[in-house]
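See the structures that follow.
Same chain, two partners: chain A is paired with chain B first, then with chain C.
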Partner chain A sequence: MKRQISYLWALMTANMKSYNAERKRLFVMALFMMIQNAMFFGLWVIFFQTVGDLKGWKLVDVTRMFGLAASAIGLSLFFFNGARTLAYRVMDDSIDSFLTRPRKALPMLLMSSSSPASLGDITFGPLLWLTLGEVPLSLFPWFVLLTLFSALIFTAATLMMFSIVFWLKTSSRFPEQLFEMLIILSSNILHGQPFGVKALMFTIIPAGFISYLPAQLMRGFDPLLFGILLVATVFYAALAAYIFNAGLRRYVRGVV
Partner chain B sequence: MGFSHSVRVFRAGVALGIKQAWQEKITILGSLIIYGTIMLLYGGVIKMIPDADLAKHGYSHSQMIWYLAITEYVLFICASWGFKEVQNDFQSEQIYLSLLRPYRASLVRISVWAGEALVRAAGMFVPVMLFITWLAGGLQMSALQVIGMLLSIPLSAVMMLAGLYIIGASCLWFVQSEPAYWIWNKSIFLLGALLWPMAYYPVMMQNIMWSTPFPAILAQAGEWALDPSLTRILLGFVHQLFWCLVAVFVLRWFDGVVLRKIQSGEGV
Partner chain C sequence: MVEEIIQVQDLTRIFRVRDKAAAKSGWFSKPATKELTAVGNLNFSIKTGEKVAFIGPNGAGKSTTLKMLCGLLAPSTGTASVCGLVPWVATQELAAKIGLVFGQRSHLWPNLTVSDSFALLGKIYDIDDGEAKAQTDKLIEVFGLTKFFGQYARTLSLGQRMRCDIAAALLHQPSVLFLDEPTIGLDVTAKALLRDHLNRLVQEFETTVLLTSHDTDDIEKICDRVILIDHGQKLLDTTLPALHRDYTHYKTLTLATEEACPLFDHPHVVVEEQGDHRLVLKVDVKQVRLESVVAQCLECFKLHDIAIEDLPLEEIIKTIYRQMKLARGA
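What follows is the complex of A and B.
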């Protein structure tokens, strides 16, 4: 276990070292990402100036949910952006370099790439909580924990979407479209939506587990909801690993 | 390069774009899935708006859903990843080959995108109309409104595509175009009133928005669903035509700037 952790740590630090040579780019991309997020969030601010609340949800709830989604997506893309490169790697066979090593391919693939702009997403969430989210500092550790769970589920969902390339001979655009859809759905209001929509968001597209469920937990701790979030995190992580490995076996057999 | 030559090049580019888009038909399916899911979610949000809040602006839930359906449709038919193709052309120095040809690189690129947009628009139109009719509880637009919408959408597309090319080529100055694209894209969302009509915005902000091209890109097309007055229709169309012409002239001017920058040896 200790060896596994130190191995993962080594992968992570190797990934982060790429920023040593391009710190200016890192900060510029992060800043523009924060500006972009703020502009999009402006749409909700304008909306709630006219609409008082949506079945009990006010701007403060949307602020917390949006901040959580931004931070979770940011964490996922900052540390595990390698999942998004899967489609390219399968198409140009560069995934072979992971298969020839003595360790499992999945952790190496996930931590092979990092998105500099996602640092802006990571920072944007807490800033939003502190300004419009009315979050006291005492609750920060709880919000950070929820964000970590969301990040794991988001990473799992991203991996599953890009693993489609093992079965569908397609360009990377289709998985990228699904990925963009996941981001959009994760930062939208699920509260008060019809049962069918919620069923979709809590099964095939786990956007509900990424933002809505943690946002409900932000309103107040519920052991049942927390238990469901824990189980969902483990379930989607296991499912993503299973789908990836099944796809990888197809690739190794030459079926892809 | 004469006008008739430009038209021939444009037609050839459109034909190529149609062919390319047809080869990647699955992205149309992807677009439909994403569009449908977004509309389902935002449609649900709109339906939750209390009647009293909607009455402030005189809109119905159905009109708001159709408004959003049209603005999202404009976004979906214009490929957002286009700017990266342009950036790749410049960064891979493919642009030097393009500059050797007897027509402008931007004309070819945008005509190909126009062809692709045509395929996406055609492929998505019927499913979108059927789905939104179901979601909104009926087609609340008159024949005149539908015609107006169909005239507005191509004008919106021209501005979007011109903007994408300029954003992509901005890598000559900014190294990477992504930050500029993010600001451009979110400006369209916010100042183009993507989700909610301009009536929801503070009056001062509306005045600022009218001085920008963004309402012409999105809001004007969507406004057809809100049963606008004749004055509003005419003003909106003039605004759209004005900014469409500005986009075309700015693109022509920008082509010259790009060419001079490359010829002076200050490429990417």
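What follows is the complex of A and C.
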């Protein structure tokens, strides 16, 4: 167990060390991501200044949800951006380098890349909570915990989407499109959406579990909702690992 | 210790590929496909410590076979074992026992220093810190990596990168080393240096080597046995000296003469090159004794120098393929 932790730590630190070579790029990209987030969030501010509230949701609720989504996506892309490299790794067979190591391929793949811009996302969330979100510091640990669950589900969803390449090798752009859709839906309000859309957001594209459900829990603790979030996190993580491994078996069979 | 470290039995890999020759299918109909046999009923075994060249033209099935032996691809039929394991079943377990070097693909992390890459590999292969350091120090010394060990992998020259890649593949002291075009793109000096380092290390660790390369110098300098394949089938499996002995009956005689324009005539000798004070002869030793040709040369010319060489391996391989092609045609 100790050796396993030491190995995972080594993977993570190696990922972080790769930034040593390009620190300036890291800060510039993080800064621009924060500016981009602020511009996007500005639209919500204008919207709520106009309509006041949306079926009981106020600007403060959206601020908290948007902050959570930004931080969760940022955490996922900072630590596990390797999931997004799966498509091209399968296309050019560079996934072979993970299969010829005496370790499980999944952790190595997930931690094989980090997105520098995501640092901007990670910091944008708490900044938003502290400024417009009116979040007292006492609630911070709770919000951070919800963000971690959200980040895990986002990572699992990303891995599932990019694992499609094992079945549709020629369509590397398709997982990218799904991923972009996931980001857009995760940073939007699902509150007040029709049942069909909600059903979709809580099944195939789990954007509802990434932002909407944690946002509800931010408004007030509900043991049932928290239980659902826990189960969903375990379920999507297990499902993503299963789909990835099934795809990998296809790859080794030479079907891909 | 396993006597035969690699065993391959009736290994076959068939791919289903799009049949471009077939009539064009509609938008929603399934495209026509055909079967392509990349490797067909391949059989061979390799003993511990052997250094084997696995050669053949492009598309012969070398890489497909190599992929199957590393566990990256399952065969359609047949079986194989490497270090006593079925590669495509126990891929992860096997990975600890083999080393891989693909000339066109680096196993180093481009944004990490070589030193950090080695440290990470130590963790991946679960090598004790002390042992990893000792082995790293040894590899640094043998491969002469000191100068660029602290550099980012992406800033290395191709020659430096290949040396680091091979050293990295030997960090966990694998029993079998698979080398796929290890000297591709390197200049003559870098190639020679790399081969020297590699030979030193594989001898010391008693590593079994399976090498694919289009560079016949790699084969001559590293290997002691050759397996020749084409169209996924084994054509030849022999030792390097036997290949020279059995598949060529020519010797090359290079003469440096006093005479400005040396002329030579013999029914079983072909004049390959004739120039200023220089003559290159191809002698058919099955038809004429080499000694008698040399004696005739000594009689005819005042010699400054003489060199007798076997036909280059490249020529031998070409001859074998020509013979096989003719046999197939017949």
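As a working rule, the second predicted complex is superposed on the first by the 255 of 256 C-alpha atoms of A that agree within 3 Å, B and C clash if a C-alpha of one lies under 4 Å from a C-alpha of the other, contacts with A are read in each partner's own complex, and residues count from 1 in each chain.
As a convention for this text, a contact is a pair of C-beta atoms (placed from the backbone, for glycine too) under 8 Å apart; a residue touches a chain by one contact, two chains touch by 3 or more.
No experiment lies behind these values; they were computed from the predicted model shown.
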Between chain B (first) and chain C (second), which does A:F174 come into contact with in this model arrangement: first, second, both, or neither? first
Tell me which partner A:A21 touches in the superposition: chain B (first), chain C (second), both or neither. second
Go through the superposed model and pick first if A:D222 touches only chain B, second if only chain C, both, or neither. neither
Chain C versus chain B, contacts on chain A by residue: B
Identify the partner contact of A:P102: answer first if only chain B is touched, second if only chain C is, both if each is, neither if none is. second
Given the touch rule stated above, what does A:E134 touch, chain B (first), chain C (second), both, or neither? neither
For chain A, which residues belong to both interfaces, chain B and chain C? none
Help me check something: in the complex, which residues belonging to chain B touch chain A? 24, 26-27, 29-31, 33-34, 37-38, 40-42, 44-45, 48-50, 53, 56-57, 81, 175-176, 178-179, 182-183, 185-187, 189-190, 194-196, 200-202, 205
For a test of understanding, state which residues of chain A touch chain B in their complex under the given definition. 25, 28-29, 32-33, 35-36, 39-40, 42-43, 46-47, 49-52, 54-55, 117, 168, 170-171, 173-174, 176-178, 180-181, 184-185, 188-190, 192-194, 197, 200, 205
Report the residues of chain A in contact with chain C in the complex, numbered from low to high. 3, 6-7, 10-11, 14, 17-19, 21-22, 94, 96-97, 99-104, 108, 252-254
Chain C to chain A touching residues, read off their complex: 13, 15, 67, 70-74, 88, 91-93, 95-96, 98, 100, 105, 107, 109, 111-112, 116, 119-120, 123-126, 152
